[in-house]
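Chain lettering (A, B, C and D) follows the sequence in which the chains are written, and residue indices restart at 1 in each chain.
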Amino acid sequence: MELIGIVARLDVKDALECVHILVEKLLENGFKVGLEYGVSKLIQLQKKRDYDYKIFTLGSTLPDLLVVVGGDGTILRVLHAYRGSISIIGVKFGRRGFLAGFECSEVESLVKALVNKNITWCKAERLRSVKLPLNQELPLALNEVAVVGSRGKTIELEIRVGSRSHQVYHLKGDGVLIATAVGSYAYTAAAQGPLLKSEKCVVITPLNPLAGLSHPLVIDSSVHIEVQVGNGYRAAWVLIDGQFSTPIVPGEVLSVKSSESPVYIGYSARCPWE
Amino acid sequence: MELIGIVARLDVKDALECVHILVEKLLENGFKVGLEYGVSKLIQLQKKRDYDYKIFTLGSTLPDLLVVVGGDGTILRVLHAYRGSISIIGVKFGRRGFLAGFECSEVESLVKALVNKNITWCKAERLRSVKLPLNQELPLALNEVAVVGSRGKTIELEIRVGSRSHQVYHLKGDGVLIATAVGSYAYTAAAQGPLLKSEKCVVITPLNPLAGLSHPLVIDSSVHIEVQVGNGYRAAWVLIDGQFSTPIVPGEVLSVKSSESPVYIGYSARCPWE
Amino acid sequence: MELIGIVARLDVKDALECVHILVEKLLENGFKVGLEYGVSKLIQLQKKRDYDYKIFTLGSTLPDLLVVVGGDGTILRVLHAYRGSISIIGVKFGRRGFLAGFECSEVESLVKALVNKNITWCKAERLRSVKLPLNQELPLALNEVAVVGSRGKTIELEIRVGSRSHQVYHLKGDGVLIATAVGSYAYTAAAQGPLLKSEKCVVITPLNPLAGLSHPLVIDSSVHIEVQVGNGYRAAWVLIDGQFSTPIVPGEVLSVKSSESPVYIGYSARCPWE
Amino acid sequence: MELIGIVARLDVKDALECVHILVEKLLENGFKVGLEYGVSKLIQLQKKRDYDYKIFTLGSTLPDLLVVVGGDGTILRVLHAYRGSISIIGVKFGRRGFLAGFECSEVESLVKALVNKNITWCKAERLRSVKLPLNQELPLALNEVAVVGSRGKTIELEIRVGSRSHQVYHLKGDGVLIATAVGSYAYTAAAQGPLLKSEKCVVITPLNPLAGLSHPLVIDSSVHIEVQVGNGYRAAWVLIDGQFSTPIVPGEVLSVKSSESPVYIGYSARCPWE
């Protein structure tokens, strides 16, 4: 019997309402249900229904399938808690998002599709980033790894591409994006990058370049990328999927490559990025 | 007799060396020299030459002509200290900049040109920004007024154009630039905006737009612009010429229009933006 | 009593139907009606109604107001027939266009607005082009003057800006667009040019530049522009508003400046480019 | 013993001079030399030296290695004559090009590198295009296959991507480019497409899109692409590498996929697109 874990935005009333419907339909159809700790607390406070559910903690337990009630931002944050492969379905209380393949109003048909194994599972590769020399592992990126200045301040970057780092690009501007195929539909598209319809490649897109690298670069997704901040430029930040940020200073190196932990995202029809 | 005020970067040795040559040549040619307070202190510490000079404070005194020894960033910061019309010449210790029309090695010919009134004075309009409702006056912008998110975070803006604010643009993205003709050669060019060769127009350029305004807008420079941050978006910043920053929160309005205090920048040949 | 001249696409049945309604409503409301020669012929062939109308020829007669039944392309071609100032209203049989401010279904309210003098007249400047040395006058351009290669072939251009032609730009690529404010919403927008909200400026936009001019240039609309094709590049074309084309060869000069014959285009509400 | 075939631009005197030096050095070093028919004729006319060479015809004979004396355009045209795999080296009489890895002044070191097997051979995939329904094979494209309007005229295209053609894009604009990694550095870069550093992907770039597809699409190079011209749009052209053109009319389908005949281009150092 599959355990389906549910995570939700806690600050939006509609999300909790959506969780109730989801739990009921899942239990009716014989699934086992897990509630993320915060969700379980709110459920207990708010309503007295006697569900039979388990409680799990984000990151430490991995249910067979995660259902996230929330928008694309919530889904991205939940994924940051897991470094292994993971299956996930997003349910949005408003209209569907790019990652959230279902709306609350579609919960019944979603559960039916789960029963009938009628979900389209779209494989999405993630990028693994490590900050050297201290080997600080950052969350895996579904969309992109960005290195940006602070408050629109110009920075200078050195970007090395290739396992032997044999090609070096310089860039003066607002920063750089390293995006997966999925991520090419997000921030990268806004920065005039190309849309990737293949996971064989990733794309490096300069942000408002004043000098140096002026075109997006499409590289083999097996290739290793390193980014370094130019001397004298303080206050640069690494931003993972627009959600997680950590500073990077001259002397440190951000090393980015394809992870071996893809995400499988469930949709009712075809994969939006294929 | 004209008083020529000298400002310089204090953190670069070559700049002070350049100031010495400049002062000598100016005095030899009968000009009166003023030294900015910080410069005068360093001069006193460093060398014992007996120049006959006045001391002035940035912003409070306005010499007939300001000579700034430093790069474009230094020139922009010095101009922020003055709200009236002002004549300025930039002398860079390295290669000339866009605003710095002379190099240190050209000081002699610069002074000769001053004597012979052989300087090309390029008029550059500035933008005046006021943050409402508290009527906080920001420094006049020579290049551009930017409203940006923090650390690459997406913001939502409402941009109203027109004296009766009759046209409203929405923008979701990294921010927006409002640039003068001179500024169109700087950050705006990096953001794929057009180069303005006329001061009759200013240009509004979206930064990596995810939704809403997707093209640069060129408007009559007499037209008033208002920018407001969308509700729920904290941490937006107003950035003047990439040098001065102040936060802007939902509820506040940034009002931008042409100032009536142009700057006259001196060059040896023609104006770089004409 | 005003004479309202009607022109229409002759190859679309719906257009003629629209003309009938228009003529009836105009006559009912006391206007005098003129029919362009071709339209009058078709009307005579097709239906036997006894309208009281005059017949006029495009270009030789100028009614007080021209109503064009057709899309933006038809309107642009009709305007090419007139070199003086002209008032025009577009009526489209499908949805409104950028220039066609009304649909056929709105003919009744259009005639009412004419009676009540309740039309918004939007002034649109035009560009005058002359091919030298033979002084060949080309039609006035409402949108843009383009110089392009043939079949995607690269050309080299020299573009001189300024009355004394003191600034010269080189460009290797697909060609160049010189657009008015109105035209900035058409081909120029597709070529990543800015939208002009002021007629004080015009914009020069390179088409897929391989070398040379890489940004759109916004210049004072009073300034004169000259374009010349590089030696060894055959088969370049001048294209006016995407409708009229004429070859240009090395040695010839295309001279473009603001005409003094604006067009007044009628809309039900505000001007789409302001 | 290797046969090295030589092709050259016949309209440039310097090219023939370069051929002489090349032939001499090759013969001195024990290579067998073939001259393309046109080159051999000119050599016979011009000079009376007694070279020992064979004569070959472009397309019908394939020497072990082709050396092309000319620029990138000449190299592209020569490659169009061959549908199989081919090794080629370009020698330019001016500065090196992107494809021409050597200059005339470097002929001696080129021949030395041939002797020492010290050439860097860069593999470049080509695109195969077939015009349906008549199965007309077009030359293999090293750079790109373009479908464009004539003289800057807008066209409408339907672009189908995928073996089952399951994804359809519409595009109204100047046309579209389908480029290899090598080609992404040419016309595609001018059209704001990304630079491809991997041959696992190809890129589809819209040319000045007015409506429909607005971003470059990067797809797996194994995927099949079909392009069709919208009804009512005459005068579209297929352009291979900017050199070969053929009309395409509504009803016809241009089918493009990776060929299995890569080109090996010789350079003195590393591959310019890697």
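Quick notes
Everything that follows uses one rule, which is that contacts are C-beta pairs under 8 Å (C-beta built on N, C-alpha and C of every residue); 3 or more make two chains touch, one makes a residue touch a chain.
Just so you know, these numbers come straight off a predicted model, no measurement behind them.
Over half of the residue numbers at the subunit A-subunit B interface are used by both copies of the sequence. Subunit A and subunit C have centres, each the mean of its CA atoms, that are 49 Å apart.
Subunit B and subunit C have centres, each the mean of its CA atoms, that are 40 Å apart. Annotation for subunit D: residues 189, 192 touch two or more other chains. Taken pairwise by the contact criterion, the protein chains form one closed cycle in which every chain touches exactly two others. Pairwise chain contacts present here: A-B, A-D, B-C, C-D [touch as defined]. Considering their complex, residues 161, 166-167, 184, 189, 192-198, 200-201, 203, 215-220, 223, 270, 274 of subunit A touch subunit D. On the subunit D side of its complex with subunit C, the touching residues are 146, 148, 150-154, 173-175, 186-187, 189-192, 207-210, 237, 239, 242, 245.
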